[in-house]
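Next come the structures, one after another.
In what follows, chain A forms one complex with chain B and a second complex with chain C.
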Partner chain A sequence: MLQALCSRSLQAARLCAPRRAVVVEVVRGRKSRSDPIAKSKEGRIKTPPPVDPVEMVVLKERYEEYQLIISALRLEFKEEVQRKKYEAETGSMAEERARKEAEEHSALMAWNRAENQRMLQLRLQRVQKEKEEVEQKEFEAALEREQKRQEFIKLKEEELLRLQEEAKHFITLENLDQRIEEALDNPKNYNFAIDKEGRVIKQTVLK
Partner chain B sequence: MTVNYNTTGELSDGARNFVFFKIPQIQYQNQRVQIMMFKNMTPSPFLKFYLDDGEQVLVDVEGKNYKDISLHVKKILGKSEDTLQAEAEVKASNPANFGPKKYCLRECICEVEGQVPCPGTKPLPKEMTGKYRAKMAAQQE
Partner chain C sequence: MKAVFLMKNTSSMFGLNVGVLKEFTPSLSQRNVTCYPSSMVHLSSLLSKQYHGGHVVIRLALAGHNQANRPFYRIVAAFNKRARDGKYMEQLGTYDPLPNIYNEKLVSLNFDRIKYWIGCGAHTSKPVSKLLGLAGFFPLHPMTVTEAERRRAAALTESSREREEEL
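What follows is the complex of A and B.
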């Protein structure tokens, strides 16, 4: 927002400013190579800050000593780190450690293989059990079916026998007359009475 | 590392829970390891690890509890207790770390001899405070 405001004010300034002013937004490194020097800096000669030779000599000595010590320390530490790394990789302990690690790894792999074998056995047993169960169920279902079929047959046979028995008492064309005579001779009285105690009385006034 | 498991069935239960509970931790501790899940591709669940030297480690996890699976994997392929302890010690012994007393030597630079003392115990000299400096800068303008 600040930049927008700046640009707006700059736009206004641009309109009233002379042609050869630098027209760039307010950012770091405003001027490029081809831009002219600012009006206030036209005759400027840049001079470095003055140096006191005596002070310079003393300072130089001190700086040299300081830098010597510091760089020596730095190299010491670097060397220590590198030596540690070298020893870790190709030292006497490193080979032993590597060998021990390889041994441990192979031992663990063997243990893992044994575990897998155990799981395999368990799985085989489980599968076997499931198969047996399925077979058992199948067998039982077959028995059930057989039994049901037998019962059905028996039922039908009984029905058949009953029907045969009843067929003996059927009314046919031959004994039609005889049966009519019999029916007329023995009139049946279907009336009956019943009281609240549940006693049934079959004998009525009508004979 | 690949995990083959089934989305249904009691035997894959442990594998499913392992994928849900333990895989994020494993991935966090081994960020450069690719972990892939394959669902309903094989009748029984298993884990397969592809090591750097080309070795493949198969772990059968049918019917196991997810905690058991995690312990099993930790045993065969995890860092041993002493390695972990050594690493923790190395991390703790770096004197350049500042933090809680439990993990690091010092908590703040003000504890070191020759450094600016803690402003909580002894107030800073005027020239070092922010408000004095701001006042001076405002006066200059």
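What follows is the complex of A and C.
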């Protein structure tokens, strides 16, 4: 579907770089000004269509009448349009309409404000709850930590006590001689025999 | 051939903007004060998309190019300089040039809006004036009457010539 370009955009398109190799356009008539006339049209004299003078007079009268009526209609319509515009702006209903619109607007704004307040309250409550929850969690975490610390301390204390107990039986430089003599006096025999049924015999040849 | 008019009278609209003429840019002089060298090309007047002068017309625009040999026109209010089938401001009716099965050519017109546009200073093209004249909105166009008279005269001469030939 080719649309006829107007002369301005056509010239502009020609001046700017054309996007396509072939500039597609709708052309009026195939020939330009300098092309020769066709052979069949060489001796042709163009005459305007013949005018009947009687008909022309009658037509002129008709046209005058027609144009009178048309211009009168135009003025009528113009007046109507202006009257409507005037009524719309400064008519009896215009003020009421403006007032109603203002009322509606203020009512809606008030409703909006109320909604905002409501949402604010809800939000505050929610934030409060969340804060409390967070505090609770922190408190509990602190308790747990405390408890864990206590358990750890207890474990360590027990270990300490055990070590202390065992330290009494350690071999020190003072006990060394005594313990050596004790060890030599009481030889311990760790040999034992065990059979497949699991009977253990601690008594050996070596006493 | 009968021409049947399907009239569409809409009630008055809410807000009127009579400012059709506001759409025209004020005719600022587009000539630059400084003189450019001759190699430069003055393109802004060619590329400007605002209309410089021009008026509104109510005319027929071909519609629906989906079918060959089946024309259909829209009665449309558009700028004078626009393409015939291009962007228009408002559609004011339709005109179907091919007669239907009852030998009628259907035309629809939105008189309320036509009144508005003519009140804002729109011109009407010849075919639209003729259609409105036949509808009764305008007075009958002089050419309609003249064409009818011519055809009648031609028919008379034809019949008289036939009768002479018979005799």
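Assume the second predicted complex is superposed on the first by the 127 of 207 C-alpha atoms of A that agree within 3 Å, B and C clash if a C-alpha of one lies under 4 Å from a C-alpha of the other, contacts with A are read in each partner's own complex, and residues count from 1 in each chain.
We take it that a residue touches a chain if its C-beta (ideal position, glycine included) is under 8 Å from a C-beta of that chain, and two chains touch if they have at least 3 such contacts.
Predicted model only: the values in this text are computed from it and were never measured.
Student: First (chain B), second (chain C), both or neither: which does A:Glu80 touch?
Tutor: second
Student: After superposition on the shared chain, which partner residues are touched by A:Ala88: those of chain B (first), chain C (second), both, or neither?
Tutor: Second partner only, chain C.
Student: Tell me the contact category for A:Leu108 with respect to chain B and chain C: first, second, both or neither.
Tutor: Only chain B; A:Leu108 stays clear of chain C.
Student: Given the touch rule stated above, what does A:Ala98 touch, chain B (first), chain C (second), both, or neither?
Tutor: Neither chain B nor chain C is touched by A:Ala98.
Student: Quick one: is A:Ala72 in contact with chain B, with chain C, with both, or with neither? Answer first, second, both or neither.
Tutor: Neither partner.
Student: Return first, second, both or neither, reflecting whether A:Asn116 touches chain B, chain C, both chains, or no partner chain.
Tutor: A:Asn116 contacts chain B only, not chain C.
Student: Which of the two, chain B or chain C, is in touch with more residues of chain A?
Tutor: Tallying touched residues of chain A, the top partner is C.
Student: For A:Ala193, decide between first (touching chain B), second (touching chain C), both and neither.
Tutor: Neither chain B nor chain C is touched by A:Ala193.
Student: Where on chain A do the contacts from chain B and from chain C line up?
Tutor: none
Student: Which of the residues in chain A end up touching chain B in this complex?
Tutor: It is residues 104, 108-109, 111-112, 115-116, 119-120, 122-123 of chain A that touch chain B.
Student: Okay, in this complex, where on chain C does chain A touch?
Tutor: Contact set of chain C toward chain A: 12, 14-16, 18, 41, 43, 45-47, 65, 81, 83-86, 115-116, 118-121, 138-139, 141-142, 145-146, 149.
Student: Once bound in the complex, which stretches of chain B touch chain A?
Tutor: 44, 55, 57-60, 62-63, 72, 75-77, 80
Student: Of all residues in chain A, which touch chain C in the complex?
Tutor: Those residues of chain A that touch chain C are 1, 3-4, 6, 8-9, 11-12, 15-16, 55, 58-59, 62-63, 65-66, 69-70, 73-74, 77-82, 84-85, 88.
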